[in-house]
Every structure is written in structure tokens, then in C-alpha cells.
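Working notes, structure below.
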Amino acid sequence: MLELRVQTQARTQLLDITTLVNERLSGSDAQLVVVFVPHTTAGVVLQAAGANATAVAADVEAALERIVVESWPWKHTSEGDRNPWSHVRAVLTGSSLTIPLERGALALGNLQALFLCEFDGPRERTIRLTLI
Amino acid sequence: MLELRVQTQARTQLLDITTLVNERLSGSDAQLVVVFVPHTTAGVVLQAAGANATAVAADVEAALERIVVESWPWKHTSEGDRNPWSHVRAVLTGSSLTIPLERGALALGNLQALFLCEFDGPRERTIRLTLI
Amino acid sequence: MLELRVQTQARTQLLDITTLVNERLSGSDAQLVVVFVPHTTAGVVLQAAGANATAVAADVEAALERIVVESWPWKHTSEGDRNPWSHVRAVLTGSSLTIPLERGALALGNLQALFLCEFDGPRERTIRLTLI
């Protein structure tokens, strides 16, 4: 199992980790990688790469903040710094993603990139890669 | 890696691809298949098969259109034909699904079928199958 | 393929199955497990373990009931006991999860536990485990 660490910069943030993951996969002849996030307020998704990446990432961040509403009644608020909504946003994105590889790199669509989804940042996050 | 192509018929559509995928898996002695969609406005899910399939698929389509609201403010609208909400709907369904196999076919529950989720159709979509 | 059965106790319930799954994995030297739910109104997610587990699980249950609203118009209502919203909640959580193993146990984060998500209980549910 390979392990990556990244630093997020905002409370809610889609952070493109495609290049970082490809660097760690380089030279592998595996056919698949499992990208696993060992956190309960973060996730992993595939979304838009290239020219539209920044706008789409911002739209996904804003939409998840609208779908899971912070003014709802919450139970997990016993400590001042709890963000119960961040757990629900992580449920919606998911914390494990299995992606095909080709020639030692993620075999994504032309318009796809791999994102860590931060819902309770900024903080350091871990990403675990398992090759198959 | 096997590749399938399907044509969707509507803007939002759950398209049953169970039979199509089983045809391509036929004869395989693999124990798992990874179903991967290399698109950012489409997904894959398991949902109802049989007599309830049409009604449940229509309910899932309508619910995703209600959960991700097109009248929200969006950033990814620089071109007239952009559908930023379709990216968020794809995030909610996910683009990779790992499914057990038995005797060269998807080992689904009695009431389960495999669906491609179209959120920005109609168009041709690709599905990649990797056997483990 | 290993098969577990669990009994859920409520209509909507996140049920911690970490210990149950670890018992079945015990002694395995596999590097990954695919946790698969052969149902269309149930799912699997990783969420909070430990002291916060009960509050977070209750928050996730309540949030999914708010995100997918039972008073929306639904098509899958031909029989009196249908719960069309439970299918949509299952779509949002997902029905297959691939998790790394270490020394014959789920290699989760310190604060992560594995939950079966019941959206149409109480009833008996099946969980299929495939080792890689």
C-alpha cells in the first residue's frame, strides 16, 4: 500500500490529485488502483479536468454545501468545532474509488481528473493507494 | 480492458446495461468486474430490476433533478450548452462500481440491475470493464 | 465469496458491521475486500467510529431523509408498502465499497467504521465479501 499526504487550503475544496497519484504509480504494470481516503469528512471523486476544472470544482463544492444544509438540526455538535454536515457530504462523494490503469498511469477519460474532496479543512489528509 | 459503447436517448436517463455487460463477460472465470465510466456527466449505479425497474428509474432521475437544482447560481456556464448540474449529479451517483461475478455473469441480487446514468444526453457513452 | 446476514431494527438505520466483517476476514492474507450489498434499498458507507459514532450515524440518517423528500411526487407507488425514496437514498450511498486490508482486518482510518445503510427496514440484509 502506498500512502500520499496532501494539505488542503479551504473548508470545502476539491483538490486535483491526478498528477500526484500518477507520480506514485509511475512504472507500475498493475491494471487497477484503489484510491482510499481514511477520513470521515473527506472523499474522492472523478470530475472535470482542463479548462473547465476550476469552475466545475467550485460548482460541486457549492452544490454539496446547498444539498447538505448547515442550519438543519444536528446531533453531532457536542464540541464547538464539530461540522456534522461535513460527514454527510463525505457520504455523498464516497471514500473509495477503483480506477483502471494503462502504462503505469490512471486510465481516465479525456476530460476526467481525480479529486480529493475536503469538507472539514484546511488540514493534512492521507490517501492510500492499493494496486491490483 | 473491455470497452462498450451505448447511445442514451434523453437528457437524464438511467439505462439498463445488465444484459450488455453480461454478454461481454460471458465465459469469464474472473471473480469481480470493475465498471468504469470515463465521463464527468454520467455515472453507474445498481438499482431495481424487473417489474419495478421503469418506475424506480424514473423516480431516481426525477429525484436527482430535484436534489441538484438548475436554478442555483452556477459558475460553469461560459458556453451556452453547459449543464453544470449534470456534473454534480454524476458526483452523487459515482463513476466506478466493483461487482462480484459468478459463472461469467454479474452476481447481482434478485432485484438488482446495472444502470448507466446519463445526466447530459442524449449522446454516445463509453463503459470500460476490467476483470479481476 | 463470503456472505453475512444482519437484521436491521429501524426504517432508516446505519448499522456498524465493522466487527462482524473483521471476524469473517480473520486470518486472511488478502490485500483488499469488496463489500457488496445485493439490495436496492440498502447501501454501504464508511463513517465515524468511536465516541461520535452514534451522533454522526443519526445525523447521516436524518440528512438523507431531508435530502430525499417523501412528499415529492413518486411513480413507484403501485403497492401500498412501496418506499420509492429508499431507492434514491441507496443510490446516494452506493452498494459496493472496496477497502484495503492489513493483517486480516479492514485497514480503516482511526475514526472510521463500516456501516450497512438500511433505508427500508427493519428486515434481514445480506452482505457479500469478495477478497482480492
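Residue numbering begins at 1 within each chain, and the chains themselves are lettered A, B and C in the order written.
By definition in this document, a contact is a pair of C-beta atoms (placed from the backbone, for glycine too) under 8 Å apart; a residue touches a chain by one contact, two chains touch by 3 or more.
Computed from a prediction, not measured in an experiment: that's the story for all the values here.
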For copies subunit A and subunit C, work out whether under half or over half of the interface numbers are shared, and give different or same accordingly. different
Any idea what the CA-fit rotation angle from subunit B to subunit C is, to the nearest 5 degrees? 120
Cα centroid separation, subunit A vs subunit C, in Å, comes to 20
So which stretches of subunit B touch two or more other chains? 67, 92, 94, 98, 132
Looking at the complex, which residues from subunit C come into contact with subunit B? 1, 34, 36-40, 67-69, 72-78, 84-85, 87-88, 90-92, 94-96, 98, 126, 128, 130, 132
Complex contact set, residues of subunit C against subunit A: 31-32, 45-48, 52, 55-56, 58-60, 62-64, 66-67, 92-94, 97-100, 102, 107-112, 132
